[in-house]
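Naming follows writing order (A, B, C, D, E and F), and every chain is counted from residue 1.
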Amino acid sequence: MASHLTTSQQAHVLISALPYIQKYTGKVVVVKYGGNAMINPELKEAVMSDIVLLSLIGVRVVLVHGGGPEITETLKALGKESKFINGLRYTDGETAEVVQMVLSGKINKDLVSLIGRCGGKALGFCGIDAGMIRCKKLEGEVDLGYVGDITHVDPTPLANAIYNHYIPVVATVGTDENGQVYNINADTAAAEIAAALSAENLIMLTDIRGLLRDVNDVKTLIQEVKLSEVPALTEQGIISGGMIPKVKSCVTALENGVRKAVMIDGRIEHSILIEMFSDEGIGTLFTK
Amino acid sequence: MASHLTTSQQAHVLISALPYIQKYTGKVVVVKYGGNAMINPELKEAVMSDIVLLSLIGVRVVLVHGGGPEITETLKALGKESKFINGLRYTDGETAEVVQMVLSGKINKDLVSLIGRCGGKALGFCGIDAGMIRCKKLEGEVDLGYVGDITHVDPTPLANAIYNHYIPVVATVGTDENGQVYNINADTAAAEIAAALSAENLIMLTDIRGLLRDVNDVKTLIQEVKLSEVPALTEQGIISGGMIPKVKSCVTALENGVRKAVMIDGRIEHSILIEMFSDEGIGTLFTK
Amino acid sequence: MASHLTTSQQAHVLISALPYIQKYTGKVVVVKYGGNAMINPELKEAVMSDIVLLSLIGVRVVLVHGGGPEITETLKALGKESKFINGLRYTDGETAEVVQMVLSGKINKDLVSLIGRCGGKALGFCGIDAGMIRCKKLEGEVDLGYVGDITHVDPTPLANAIYNHYIPVVATVGTDENGQVYNINADTAAAEIAAALSAENLIMLTDIRGLLRDVNDVKTLIQEVKLSEVPALTEQGIISGGMIPKVKSCVTALENGVRKAVMIDGRIEHSILIEMFSDEGIGTLFTK
Amino acid sequence: MASHLTTSQQAHVLISALPYIQKYTGKVVVVKYGGNAMINPELKEAVMSDIVLLSLIGVRVVLVHGGGPEITETLKALGKESKFINGLRYTDGETAEVVQMVLSGKINKDLVSLIGRCGGKALGFCGIDAGMIRCKKLEGEVDLGYVGDITHVDPTPLANAIYNHYIPVVATVGTDENGQVYNINADTAAAEIAAALSAENLIMLTDIRGLLRDVNDVKTLIQEVKLSEVPALTEQGIISGGMIPKVKSCVTALENGVRKAVMIDGRIEHSILIEMFSDEGIGTLFTK
Amino acid sequence: MASHLTTSQQAHVLISALPYIQKYTGKVVVVKYGGNAMINPELKEAVMSDIVLLSLIGVRVVLVHGGGPEITETLKALGKESKFINGLRYTDGETAEVVQMVLSGKINKDLVSLIGRCGGKALGFCGIDAGMIRCKKLEGEVDLGYVGDITHVDPTPLANAIYNHYIPVVATVGTDENGQVYNINADTAAAEIAAALSAENLIMLTDIRGLLRDVNDVKTLIQEVKLSEVPALTEQGIISGGMIPKVKSCVTALENGVRKAVMIDGRIEHSILIEMFSDEGIGTLFTK
Amino acid sequence: MASHLTTSQQAHVLISALPYIQKYTGKVVVVKYGGNAMINPELKEAVMSDIVLLSLIGVRVVLVHGGGPEITETLKALGKESKFINGLRYTDGETAEVVQMVLSGKINKDLVSLIGRCGGKALGFCGIDAGMIRCKKLEGEVDLGYVGDITHVDPTPLANAIYNHYIPVVATVGTDENGQVYNINADTAAAEIAAALSAENLIMLTDIRGLLRDVNDVKTLIQEVKLSEVPALTEQGIISGGMIPKVKSCVTALENGVRKAVMIDGRIEHSILIEMFSDEGIGTLFTK
């Protein structure tokens, strides 16, 4: 056990976890993994340990991840120039191929391997596998190239994996009927996967403390938001900027059968455990 | 979580439990419950919490208990005089009936109820159920009346219970072919049940720290004993007195397919967790 | 076979049982056991034989029993004074503990043992097991102490038992959320269990021939009563006194999914078989 | 129930059947049906009732039948002349076709229908189904044409049927690899089927009381024969004539995993029940 | 492979079958077999090969057959005079028995055997088995004797067979509650069986090309007919004569849950494969 | 169907495939995919179509692939200089990472996608998933860096996939206990996977016709080689050069439970089908 505490203290901590374990055992929890927790090696290992622990106590965890800086790095290393439109990356055909390769071949399998070293058994998937994530071109004001809009998620391969006690790790690329690969926003993908699996909980790891009334004061953290409060909070500008799509993903999940969606701070070590194993939680919880 | 530690510290404790959880998940562990831990209400609740926690993280726990002082109390309340031979209770027909009633109707169901309040789901059994524990009269130098010698254990009802995620609690009375009820030594019964279930671990809660080289010095605790060392330790008088039958039960279990048998101090709160969730353990471990 | 008949005659009897076996095979039948059939040893063994026979030909029997005189005896032996209010026993805390002990530790396990000797395999349960019977204090004109009013029955442990071809024997005590034990009326408990298991048939063993138009004339036995006739029969005083709660249990069962409820005379040997294996039956049948 | 006995007497008969039901429940019993019991309509119905009763109390019965006089009748009606060699029918190609048609289309389906009217659910099979009974030409001193020697039995379709609670009824024709149909001795076929299903019991209905020391005195019935005694009994002429092949079938069954083989008198009504539900039995039992 | 083509050409053919295999794998297809394809030995073997191929690629085929000329032949051989009313055979009791015998004992088992020689595993059934096809006397203007009108089909034995990867072959005789056997129209029986199994496809093998606008010109074949077009086509006389009952069977099937019904020309070798493995098909398709 | 043949001819081809389908249905076949068939787009699609066809007719196909020229291309695009020792690529840490990324993220998922477009459902795996392929550094005369020697294959994820009717596609990278990634020879990996799955058949696609007695004359193709003949053929120089490791993989597979191993020419379109669906096959078959 952790050496700075007496074994007796440690046993008390385990016992105090009992009601939380009871609450989640057998439930599906989808974790959207990204941001700082995906870059810092200590945080990375802490997240994977949290996931392995959850898996061992009977929680059926699915890890969904996007890309992070590795795509940019690889593109650069390949001498591929990046094109940005209004600050958003334009994904041409070549870029889509690199995104597929880096997401599902590098980041995904590295996470699978790290979970293995933490004592879990993971299987790496991407939306191409068994045509699991079908998408079409995202329509919008600007043409972003091969950025996908999810039209259907077939959760069968993930359901099989969790039924067989594996932790599925999902890279967020998808395809259309012709096999064209698309880059997909990982928050959206996590929400759709959670919905397709009727998950109990969607946990989104971000680089902020949660939804703050005053963006400069972490003490103004809003601990719980009802779906009905979202429009007012948006109007008041409390949900704004980069929070808008994240909140939208939470809303999508809740509207499609997920029981709870929560945004937590991935920069805090073991924030997943703290969220799931305490009454107060650690971030902002969205509920119906 | 436990309030005197930060949530972060608590998360670390949970994470540090990971390798031990991995070791025991899906395994059958038989806990022989008795002594002080059965009398002191705080210890009682701590033991039941430990068992519920183990059950929730996937350990298949079976709780085996004997009688303790409640039998004596009830006999006294019923005006039944106790007869002792060489310090051992003589069990006549009437006494056997009271033993059955108190063990399987009072102590057993009270434990089942307490486990329920700790968040687990338990089912109470005794050796009479489905003729699960068959015995004959124990032969020895003195006639102790209806004290039973186990001839066969049918573990099917217990196996069904753990398969359906219940915690079986077993009162140690048995019957012969004619339905005569016998009082059975709980250590022996726990060992035979562990063997019949091919348990990973038999944990015996006692009122001592374990096997001590010097009975007056807990620092002389022997942490591990190989089966082959038992005869010498007996000859040296280190295994002596009340320890002899307890060690014999451990030996029986190991010789019949149980992987590990351990004697731990039931007077220490959460000693089961400390034993199972630390490398050093807390008592004396017997192995092949 | 039975020696006073030729084997040929006996074979004819078996063959004549064919249509009744067909009718009940695979069906759940709940037997409420009590009264004289629980005191007289010959009747007791005859009832258990009937139950084993039913079990072997594929009927899924559940035996529900109350206490009878043994509770009174044990209370007396323990020097516990009984307090009666309007002829009903007041159950204080101590009495509730004795009821639990005698019902689930003595009577229940003795029945399990007797079924074993008759060739069946039984498992003893009480409402405390897995929190199977939840209750609250029975409200009424007089305070009867810890007499329970059933709020919920979880039939899973009983369903598991019959699925695994065991005969569950249920002692009628229950608990509230805090673990307080309550004494429960066995007729009511049998009806609720039958409803929770969607039983085909609830058979109530009593000490009368059934519902009689003239209580002094067994020839006035009413063979079948429709639910709709109960109010009139009550008004006419034909259902009266001790019959009122028994009929109420039958009504409860029928209103909650049980197909048939029948009151039969437990003083007649093998009355269960006679009821189930003849067209005319032996007591009073309640149907929708 | 049977009207000439009181319901109480009838209940006693049922109860006395308990130990026999326990003995056979879940076991496979193959009944070879033939002789007088196949001609006399009352006996026919009695046999089918016995089989339905056994099926309902959990015995897995397989009925194997041969032809009887109906083949001869149909051959005659078709103007087909019969040819006999040493008293044995010569089966030419045309005859084989008629045998197939009458056995599997007339007798077999009539039995299936009769079992249905007795309250059972039967499925008719013959050795042609799924190539279940493979055979080659029986070699011997005389050429009997298409009389088959069984080379392999695939019991899967029968095992599926009994698993799904149907009573399989098997007509004893088989085929070789080229699809040529053969007439097969029904005793041999029953023995091979019993062996392939690892049956508990092979019951052969015949037109004699069993093996008699003095063929003219039924009081000299031999109740039990050990395999080891067969050669001596044959030498002494006690096993002789038509008994030789029947005993050989019993021996074959026992040598291939069947526990018991018994020859009983099909002329006695309900002889199957009398054999199975009494200690003394009714015919001659062959055991290892 | 087929020797007149290069292996490469043959591989191309197999590959071109891919989309059709995908369409039908796991689906239930009921084939009504009759007419010329039942008489000509080459066609017979071609049909059985088609069925075995379908079975091996995962289609769950059920073969339903009527009688053909063999019944007439056998009746004649038995010296039984046939009686016709308005050109329809009158089925008296004796005739019904012969129909049962020839259909279920000769034709049925011969087909089972032929499927075996083509590499499949078939089980022969008739409507008598497990009371699978219940019927009553067909009422009409003329009394045709024991010609049955289907009242209920229990598809369980057929569903068990296809679940266990056998090809069920069904002879179209049925019984009423008293066991009386009836001759049943095979087209009707196939439609009812397809409905009871919720088949994807009912394929009726006939001796015509399909529904022709001009009966003398195969080029006027109607490839697809909607249910709604049937009345008009009947009025126009395009559906007429012997086509009326066949079309009626297709309509019955479609109205009771079958997805497609198709009439194809059994005189064309491998017409089943050509129908199922080409876009254009080969006969007339009926759809909702 | 294929348009240059009549539908009747095509049906004949399908029928002629019957015996081969029967031979392989339900069997595990591991296909090692590489060489020219992995570069030429037409051949690529032909191979995937073959695999989808096999999958649909019930063969449980596992596709194992290595890298081909794409690794070299990507390394070059990344400006990574390749180092060769005795003509073998030296795999340093960076190269190992690129190998992982290209194999499991690009080639693997592209194959999965292509199978999807051909009508199959594939799941992409690599040896990192669930620690499926464990390896250590390959020891040899020269240090090749992170080139792996397989120590253990856990086939569970592949077995789960084929059980759920998916086609597993496996990229041949593995890891050691510390998570270090290794490049693994695809022939060896295919052989080990075939052994771990007790495959019926290991099919190795190569760029030659098979084993030739005279390397310049395809007419000297050896159609079948017994394990016992391998040493002599090696001594004679018939097995030489690049053939040595390929033959060694076949030998490994056969020695570990695989029934057949065959080397076929991937340059011939549909060579897999031609091999499996003809008696003569197309390459060199190795058997015990």
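Basically, a contact is a pair of C-beta atoms (placed from the backbone, for glycine too) under 8 Å apart; a residue touches a chain by one contact, two chains touch by 3 or more.
The model shown is predicted, which means the values in this text are computed figures rather than measured ones.
Q: What chains do chain C and chain F have as common neighbours?
A: In this structure, no chain contacts chain F and also chain C.
Q: How many degrees of rotation carry the C-alpha atoms of chain A onto those of chain F, rounded to the nearest 5?
A: Result for this pair is 180 degrees.
Q: Farthest from chain E by Cα centre, which chain is it? Let me know.
A: Of all the other chains, the one whose centre lies farthest from chain E is B.
Q: Once you find the CA centre of chain A and the CA centre of chain B, what distance in Å lies between them?
A: 45
Q: For chain C versus chain E, what separation do you get between their C-alpha means, in angstrom?
A: So the centroids are 55 Å from each other.
Q: Approximately how many whole Å separate the CA-defined centres of chain A and chain D?
A: Chain centres of chain A and chain D, defined by C-alpha means, are spaced 68 Å apart.
Q: Can you pull out the residues of chain A that are in contact with at least two other chains?
A: Within chain A, no residue touches at least two other chains.
Q: Can you give me the ring order of the chains, beginning with chain C and going next to chain D?
A: So, from chain C then chain D onward, the ring reads C, D, E, F, A, B.
Q: Which of the residues in chain D come into contact with chain E in the complex?
A: 74, 77-79, 97, 100-106, 108-109, 112-114, 116-117, 121-126, 128-131, 156-157, 160, 164, 166, 175, 178-179, 181
Q: Along chain A, where are the residues that touch chain B in the complex?
A: 1-2, 5, 7-19, 21-22, 25, 46, 49-50, 52-53, 56-58, 118-119, 268-270, 273-274, 277-278, 282
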